[in-house]
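Both complexes shown next keep chain A, but they swap its partner, so chain B is in the first and chain C is in the second.
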Partner chain A sequence: MNSKGKKNYWLITVATWLILFVAWQLATSFKMVPEILLPSPEKVVSTFVKLSEYGYNGIPLWQHFLITMARLLSAVVLAIVTAIPLGLISGRIKVIYSIFDSIIQFIRPIPPLAYYTILILWVGIGETSKVVLLYLAAFAPIYLACISGVNRVKDDYIKSAESLGASSKQVFFHVIFPSALPDIFTGIRTAVGMAYTTVVAAEMVAATYGIGWMIINASKYLKSDVMFVGIIILGITGVVLDQILKFIERKVVFWSGQ
Partner chain B sequence: MEKIIEVKDLTLTYENDDKPTLNSLNLDINRGEIITVIGKSGCGKSTLLNTIAGYLEPTSGKVLLNGEPVTGPNWKLGVVFQNNALYPWLNVADNIGFGLKMRHFDKEKIDERVNTLLDQVQLTDKKKDYVFSLSGGMRQRVAIARALANQPQLVMFDESFGALDEFTRNDIHDVILDLWKSLHLTFFIITHDIDEAIKLGNRIVIMTPDKNSQLKIVQNPYFNIDSKDIDSDYMKFKNDILTQIV
Partner chain C sequence: MKKIVKFLIALFMIFLLTGCSNNTDTKKASEVRIGILQVPNDVAAARQLKYISSYFDKENIKVKYIIFDSGVDANKALISGDIDFATMGDTNAVVALTSKIDAKLVWVNDVLGNNEGLVVRNGSGIKNFDDLAGQKIATPFASTSHYSLMMTLKKHHLLNKVSLLDMDTQDIVAAWNRGDISAAYTWQPTLTPMLKNGHFLITSEDLRDQNRITANVTLVRGGFERSHPKLVAGLLKQLNKTHAEMQSEPEVTIKAASKQMDLGYSEAKSQIGTSKWLTAKQMVNQRFLSKTFPEQLYITGKFMSQQQTIDHAPSKKEINKFIADKYVSELGDD
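Entry: the complex of A and B
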């Protein structure tokens, strides 16, 4: 694809968002939809400014945002440091795979909220249950990506390393791990997505602060402008997180797709 | 002549196969020679290489390296694969120095040997490039340099030039012969190209479909022949080989 082509596609994306924004503006200006259901863009902006200044329910907006991100990131980091070694070892050692894979395959399709209440009973309604819930949501995609990455390592890569004098441990760390990195990054991006949707849902079920909680609390009082601020923050944050991960992926696994 | 490799009554039958792929093979590889192995697809050429390299365990018989049984892959037995198997996350120099690093050589020694090899395969200016940015021929040169970095007793090529175009393949042949002459190396080259087998091999091993007499070994009078010297005798020699393959 030439650079002109790329530029045109980028313009289409911008135009789409502009059209959506203008449609939103027109729908509210001409009162086509009641403001209680669809607040105007100006109202959402002014609510955002007010929330930034005075907070929501006595808690500054940045604190709501930070606690949501802290829950998300602590769970994802925990999932990364545990799922990567376990996934890589499972991909390489069939006994370990046989022990863990069926358990993870059992948990994987269950919507996290289905076992959230059990987690609350086990570890309490505080931060631990939320982080454990997000951790469980993020674990499986990374674990499965690692197994897939190990299985896709070219046999010749391993044979080459062995003929060059590498021990089994060196083959694991110098060949299998870097070779599986592109798959691992795909798993991490999927995991962040899973954990992100779960954090908001968890905050809606059992929390006293956080962006998800702010949205569900505002809905009880029909504060659609606050809900819109929360939703837009979540949307932008989701896109930014994914772009950050893509940027890191490009830097770390620069050879991927070559 | 000093034997580096002795293949003794080597038989290998793959699991779920009734018939052996390699049947009671005997072969010696002498220090300083180039052996080329030619045969049809599926005749067991790569299986033979994989067994000598220690990747496959013989069903019976043995492979000896300097009189000692080969029990697994070993840095003394270098291998260059068809798809080169270079690591895309490493640059050219790190790929070449990979084996030395695994064997805990100090950095200065690695640098010294890598620089020498880069010079020998004429890739000094590509030292810091990543392998995915190189052409197919350059990648094979890096793979050869990587296999040589450990100073192995024997370097094996598993149809390593099959994917290259004719011009690049001829260049690589020259690199192989130059390295062989200057470093007094021993090569074992698997190929499906008869002209390549004749050009590169001091001895040519013909793998036949006859499982009772699977290996025919011929001395090659046309080793390193120049294309302008190809005559009717050469064609007869080539046809004789071809007849035995099929």
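Entry: the complex of A and C
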């Protein structure tokens, strides 16, 4: 369509947010909803300012944020360095595929909270159990994306490369890997999303900092304003993270979709 | 575009209409929902002895029990109106009070004794309070145990020298068994397995002797209390009966509570420990609900707000409004 049509849709999005915000403001300023269920926007903003200034539970807000991001990042990096090789090899070699695929298919649909308590018994209450939980959430999407990426490489490409005398190593790194890269990136984006949705659960047990922990701790004292601040931070961060990944994707696999 | 705006406004109105909370329960109660703790207390005994069910049967009302690990979730259920009564630690009652939950404190189930305490692992080298420095101590946050622990740490100038871990009671036992923690302030029944290879450093009984009282209390949802005061009085009468019996023939009461909780008699007895079940008459005579306990709640609230766990300390006026002691007064005058 033309650019005018596009502009209209963008306006609708903005209007939706504006209406939601006005509704929120009205509902709280006319006291239609008890404050404990829905704190006013002013209260949420002032709580955010207060938290940024004094921190939560003696720890600055940015540290809560950084530790959560560090847990997420280490889990995703760990998933990338393990799931990509395993996924690519599984896509190429049937024996490897037969060994790993069913296990991963079995673990993939289980809600992480279901095995979290066992993870805690196995690896303890420290950082390891939290990162492992996020890692398990992030692993499968990357692994599966790699397999489908490899399967989608046109046989012609591989055959032409081989007929030109490329070794299987060269075929792998110069034909298969680049062809699968767009799929891998989609997998990484899904993986970050999956790990991100698990972040609060990961900080539920025996954490002493982190945005997810802050939300849970605030809920114990029914501080809905702090919970709102935490939720909004997580929401915005989630969108930003996805945009960053999209940006990197466009830079690295610029040929995708062409 | 206009249609969408209209749709959103309509959606918003629906949201508002459903969001409005009614102030009183109008219809006749057909079911009473009681939030309980999984401990051998007066509710457990009164349940086993069929005091509660026979009273509500007469009123043609069904009774439903919902188990909570601590008052944290009971408070949430009170807000959403999913329960009518809830037993919880008094710190959670303070949270309910400061966050303006529509609820009233009507009963003190038990004044805590050695059924809550700080356990340290045998052989961990922790001999006195100073040895706690640098240790990980687990406790369920927002609970009476948490409060008692913080008071103890503050007294010994250890507040910033230990790392506190927020865990549910079952997680504490798991972490204790794994050796992740060597100290925890928690309550029964989790204390029993931990005391097998651990010992008390301090209990809530010691704190009680130092005039720092913690207690389990019962809150009633405001809407329910306003429209069914008779039922509130009726339930408390049944609980009061077990309190009186606990003092005249404790074996019967403890046996009933143990049966309800699927425990052995001696197990239940040690879980109840030195907690005190005051009768309504004793509460009236000791001016417990009108003077002693409000003062303790005031101290608790002040301490919690200093620790920034609640955003303001409740005033004495707020506390007196929160405690509906008329039920206990009526019961105690009989």
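Note that the second predicted complex is superposed on the first by the 256 of 258 C-alpha atoms of A that agree within 3 Å, B and C clash if a C-alpha of one lies under 4 Å from a C-alpha of the other, contacts with A are read in each partner's own complex, and residues count from 1 in each chain.
Heads up, the rule we're going with is that a contact is a pair of C-beta atoms (placed from the backbone, for glycine too) under 8 Å apart; a residue touches a chain by one contact, two chains touch by 3 or more.
Model, not experiment: these values are computed from the prediction.
Judged by the touch definition given at the top, the superposed model places A:A206 against chain C, while chain B stays out of reach.
Comparing chain B with chain C, more residues of chain A are touched by C. After overlaying the two complexes on the shared chain, residue contacts for A:G124 are found with chain C alone; chain B is out of touch. When the two structures are aligned on the shared chain, A:Q25 is found in touch with neither chain B nor chain C. Legend: residue contacts after superposition of the two complexes on their common chain; A:A15 is shown touching chain C, with no touch to chain B. In the superposed model, A:L37 makes contact with chain C only, not with chain B.
In the superposition on chain A, contact is made by A:W255 with chain B only, not with chain C.
With both structures placed on the common chain, the touch criterion links A:Q243 to neither chain B nor chain C. Per the touch definition, chain A reaches chain B in the complex via residues 154, 156-157, 159-167, 170, 174-175, 178-179, 181, 253-255, 258.
By the touch criterion given at the top, residues 53-55, 72-75, 77-79, 81, 83, 85, 87-89, 98-99, 102-103, 130, 132, 146-147, 149-150 of chain B touch chain A in their complex.
Every residue of chain C that touches chain A in the complex is listed here, in rising order: 1, 4-5, 8-9, 12, 15-16, 19-21, 72, 75-76, 79, 95-96, 99-101, 138, 141-142, 163-168, 171, 174-175, 178, 180-181, 308-311. Only residues 8, 11-12, 15-16, 19-20, 23, 27, 32-38, 57, 117, 120-121, 124-126, 205-208, 213, 217, 219-223 of chain A touch chain C when the two sit together in their complex.
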